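Each of the next two complexes has subunit A plus one other chain: subunit B in the first, subunit C in the second.
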Partner chain A sequence: MLVFQNKIGKGYVLASTYLCIAVTLLIFLILFWNSYPALSTVGFDLFTMTWNPAKDQFGVLSMLFGTLAVTAIALLIAVPLGILTAIFTSEILPNRYRLYVKSAIELLAGIPSIIYGLIGIALVSPWIATLFELSSGRTLVTAGILLAVMILPTIITLTDDALHNIPQQYRETSKGLGLYPFEIIQKTLVPIAKRNIAGAVLLALGRALGETMAVMLLVGSIDKIPEPFYNLLSPGQTITSKLGREVGESAFGSLHFSALNAIGFLLLLLVITLTIGTQVYMRKGIRTV
Partner chain B sequence: METNTARKINAGIEEEAEVSIKISNLNVFFGVNHILKDLSLDFQKNKVNCIIGPSGSGKSTLLRSINRINDGTEKLKVTGAVHFNEKDILNGVTNLTQLRKDIGMVFQSPCVFPKSILENVIFGIQQHKKLTVSEKQDITEETLKAVSLWPEVMDRLKDSGQSLSIGQQQRLCIARTLATAPKVLLMDEPTSSLDPVTTRVIENLMERLKKRYTIVLVTHNIAQAKRISDQVFFMCNGQLIESGTNDMFFNTPKKEQTKSYLKDETCVCR
Partner chain C sequence: MKNILVIGFVLLALSCSKPKNDTVRVAGSTTVLPVISVAAERYMKLHPDSRIIVNAGGSGVGVNQVGSQQIEIGMISRDITQKELEQYPETSFQIHAIGRDAVVPVVSSELYNAGITSLTLEQIAKIYRGEISNWKELNGPDKDILVIDKEASRGTRHVFMEIVLGDKEAVAQGADLVLGANNEEQTALTQSDAALGILSNAWLNDDVKGISILMPDGSIVEPTLENIINNKFPITRDLVLVTNGTPTGQTKTFIDFIMSPEGQEIVKQNGYVSISK
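So, the complex of A and B:
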């Protein structure tokens, strides 16, 4: 009986593994299949500025720029803030409060992104507009700030886990050698958790790249690179916001639709590379600790 | 009390044994639990001072009161006095970092950082002062020689410390503690995670180290205490039951509890 169950269990696990792999491959294949018309006709003109489906112009540079800019802003805000918060929850906050704070943070992670978008429109965007005297508060920076808030819980929980899982004896040994509490964090704990923290950041990066709803509502949705390019308080466009807006209005089978698939393919490549990179990196991290 | 201690320390040269750490009326509470009960005892300089007693009797707590590593634990309350270097380190201003540099600690299971052997050795001392590359080398060589690890690792100092065997790791930990130039070594069951052969290596090491350091050793192992201790302190249920020199303690124990503990490691104490 047990052997039988074991076989079923094994089969089940194997089947679901193969299913996952198959689905991933299928997604890749379909995207590529649908991108092919655009890729073959437009070719390297994909990497130009102008996007005008009426004239069969499909330049994605401004969206690529927007995606990278928004993600960079989000990371710039969320990474230091997240790591410092995690150090606080894991190392400074008494343990009996830690779980409450952690559940609150994890609750944040569960809020649908459209809600963040609404709050962005109601609160952050007007605030940015007044603060910098802009006609519209929907800018790359606005989207970046919102995105930062959205990825913060991921960074905090994973970094907190990474720190908290370090055996107590490392702290005690360091204390016994005469290190001050902040030196224990800085010299002992962070170096040990380094790889796992990097993993947390990469995971958050993946989420930031793929986030659509909130970004679409807040980024301004104009296909251009600001001038000068570092003036990020201007509206822009990301790959996801572009897709979110235009997929519905493009005719299936048209070159326009194919071009949208192509930028989707680009995004997928970016995210998958990151995910695999993260996993390889994390696995090494587990080995050294 | 204070002047008495000072005189004793000053006069230590004439006396047969010099007191390194003097503990007077030490009480430790965790919340409502009274863990150490009015302990008064002296640890002698350049001796192996051995604390034995059943599990839960407060041996570790006593040891950990000496470098105040329990500080910050919730609901901890400590009263009494611990004199070291003519100063009461429990009361009055104490620089804890300096205290822990002077009173080093070695734990039960070796805790090697995921760094190179050399970086492990200098990890503690590096936080106390800036070191040049050659000083780092010198300290590493000197302390690794002191723990007899040098021949085994001299040409792989850049390798990860965690690649060493457990016994080597424990010696590395001792070297790391020695590098901060302590006067006292607190060792909490330093051989309990080691095999008998490695245990002997560490015991021989302690015999040599006591010429330069005061060693306070906690052990579960009565045979080990008999082998290497100079002074023995028998604790039970947070009290000091009996103490004396190795010879006195093991050959002519006075208290019934001590006799029964030495016979079959049982102890009834209230």
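So, the complex of A and C:
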């Protein structure tokens, strides 16, 4: 009986592993297959400014810019905030409160992104408009701020785990050497956890790149690069918001549909590169104690 | 543990069962949506065994999903384009006009109160082309115009751009935001005090004011129901349901219901013009 159960267990584990691999490969293949017509007809015109399906023009530069800009803003806000919060929950907060605070923060990750989008439309976007005296609060910055809130939990939890998993003797030894508490954090703990923290940030980056709903509602959805380009308080477009807005109305099998697949493929490549990057980086980070 | 798995699989299998054959799926234009969702509710009360599922998405979604035969009825508020017809050679689109509507240029109420109550089509075209960018140039307050455009396949945009810029797929160089459904546009207009947008006549209210069109002969045409009925207002259109071939069964009786006096009453209550007069 035991042997039998063991076999079932093994089969189950193997099957689910292969299923995951197969799905990933299929998504990759199908996206590439569907985007092939657009890639072959449009070619390098993909890297131009104009997107006009009616005239078969599919330039993705403005979306690429928007995606990178929004993600950069989100990371700029969320990384320092997230790491400092994690240092607080892991090192300063008494252990019995840590779990409560941590689960509250992790709850943030469970809120559906459409809710963030609605809050953004109702509150954040008017605030931005009044604060900067803009005619519309739907800007790259607004989307970036919302995204920052959305990726904070990822950064906080993973960084907190990284710090918390450092064996107690490092802290005790540092203390024994006469370091102040903030020196222990700054000189001992953070350098040890550095690579894991970087991993957390890269994971958050992946989520920021792929987030659709909240960004789509807030970014303004216009295929333009701001003038001048660093004026991020203007509306723009991201790859995901373009997909979210147009995929339903493009006819299946048309060049338009294929072009949308192509930008999806582009996004997937971006995310995959980052994920592989993260894993290589993290593997190097495993300490040999 | 095993039991839970078994129950889970059974539930999964049950939930995958096909929807009943007489389910009518409707999707598309958010201009037609308010009429159809009310009509569907009334219809389901009259025919308790029927099921009608109504979704939004925009005219483009309506045409595509009927074309790919995912739904029975598409709601559209524009003509089907040549490209769309070519895309689905196996689908024989049949259209059923259920009402009339006007596409109205709208401004934030602050502007309306400051005196922007009518514009010529040429002025509106210049704003969308980006040649006029401040309300000062139109005797309004000194504020940059927030030009709100719509997604390319939206029916309201097709009808509007056809008349204003001369091409239903024209690119609006002066646009600042691109939004989708009527309600999304409404929100953006309400939140701004310097916006110009495009809305269906039925979506106007105190915060989003439809402006009149100043005609070349000097007359001012307001977006009123009479002006839509007698075709005086320059930007009008039919609200249309589209099916694949001649409708049958539940689909047919539902469309008949909308055409009936009771159905047309719903059209009127939503601020559109009934086709039966």
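Convention: the second predicted complex is superposed on the first by the 286 of 289 C-alpha atoms of A that agree within 3 Å, B and C clash if a C-alpha of one lies under 4 Å from a C-alpha of the other, contacts with A are read in each partner's own complex, and residues count from 1 in each chain.
The rule is short, and it goes like this: a residue touches a chain if its C-beta (ideal position, glycine included) is under 8 Å from a C-beta of that chain, and two chains touch if they have at least 3 such contacts.
Not measured: the values here are computed from a predicted model.
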>> By the touch definition at the top of the document, which applies to A:Gln169: first (subunit B), second (subunit C), both, or neither?
In response: first
>> Under the stated touch criterion, which partner chain does A:Ser40 make contact with: subunit B (first), subunit C (second), both, or neither?
In response: neither
> subunit B or subunit C: which reaches more residues on subunit A?
Replying inline: C
>> Quick one: is A:Gln5 in contact with subunit B, with subunit C, with both, or with neither? Answer first, second, both or neither.
In response: neither
> Hey, what residues of subunit A end up touching subunit B and subunit C alike?
Replying inline: none
>> Give the list of subunit A residues in touch with subunit B in this complex.
In response: 94, 167, 169-170, 172-173, 175-180, 183, 187-188, 191-192, 288-289
> subunit A touches which residues of subunit B in the complex?
Replying inline: 67, 69, 74, 96-101, 104-105, 107, 109, 111, 113-115, 123-124, 127-128, 173, 176-177, 180
>> Please output the residues of subunit C touching subunit A within their complex, sorted ascending.
In response: 57-58, 60-61, 64, 67-68, 83-84, 87-88, 143-146, 149, 151-153, 169, 171, 175-180, 184, 187-188, 191-192, 194-195
> Can you list the residues on subunit A that touch subunit C in the complex?
Replying inline: 50, 52-55, 121, 125-126, 129, 135-138, 217, 220-223, 235, 237, 245-246, 248-254
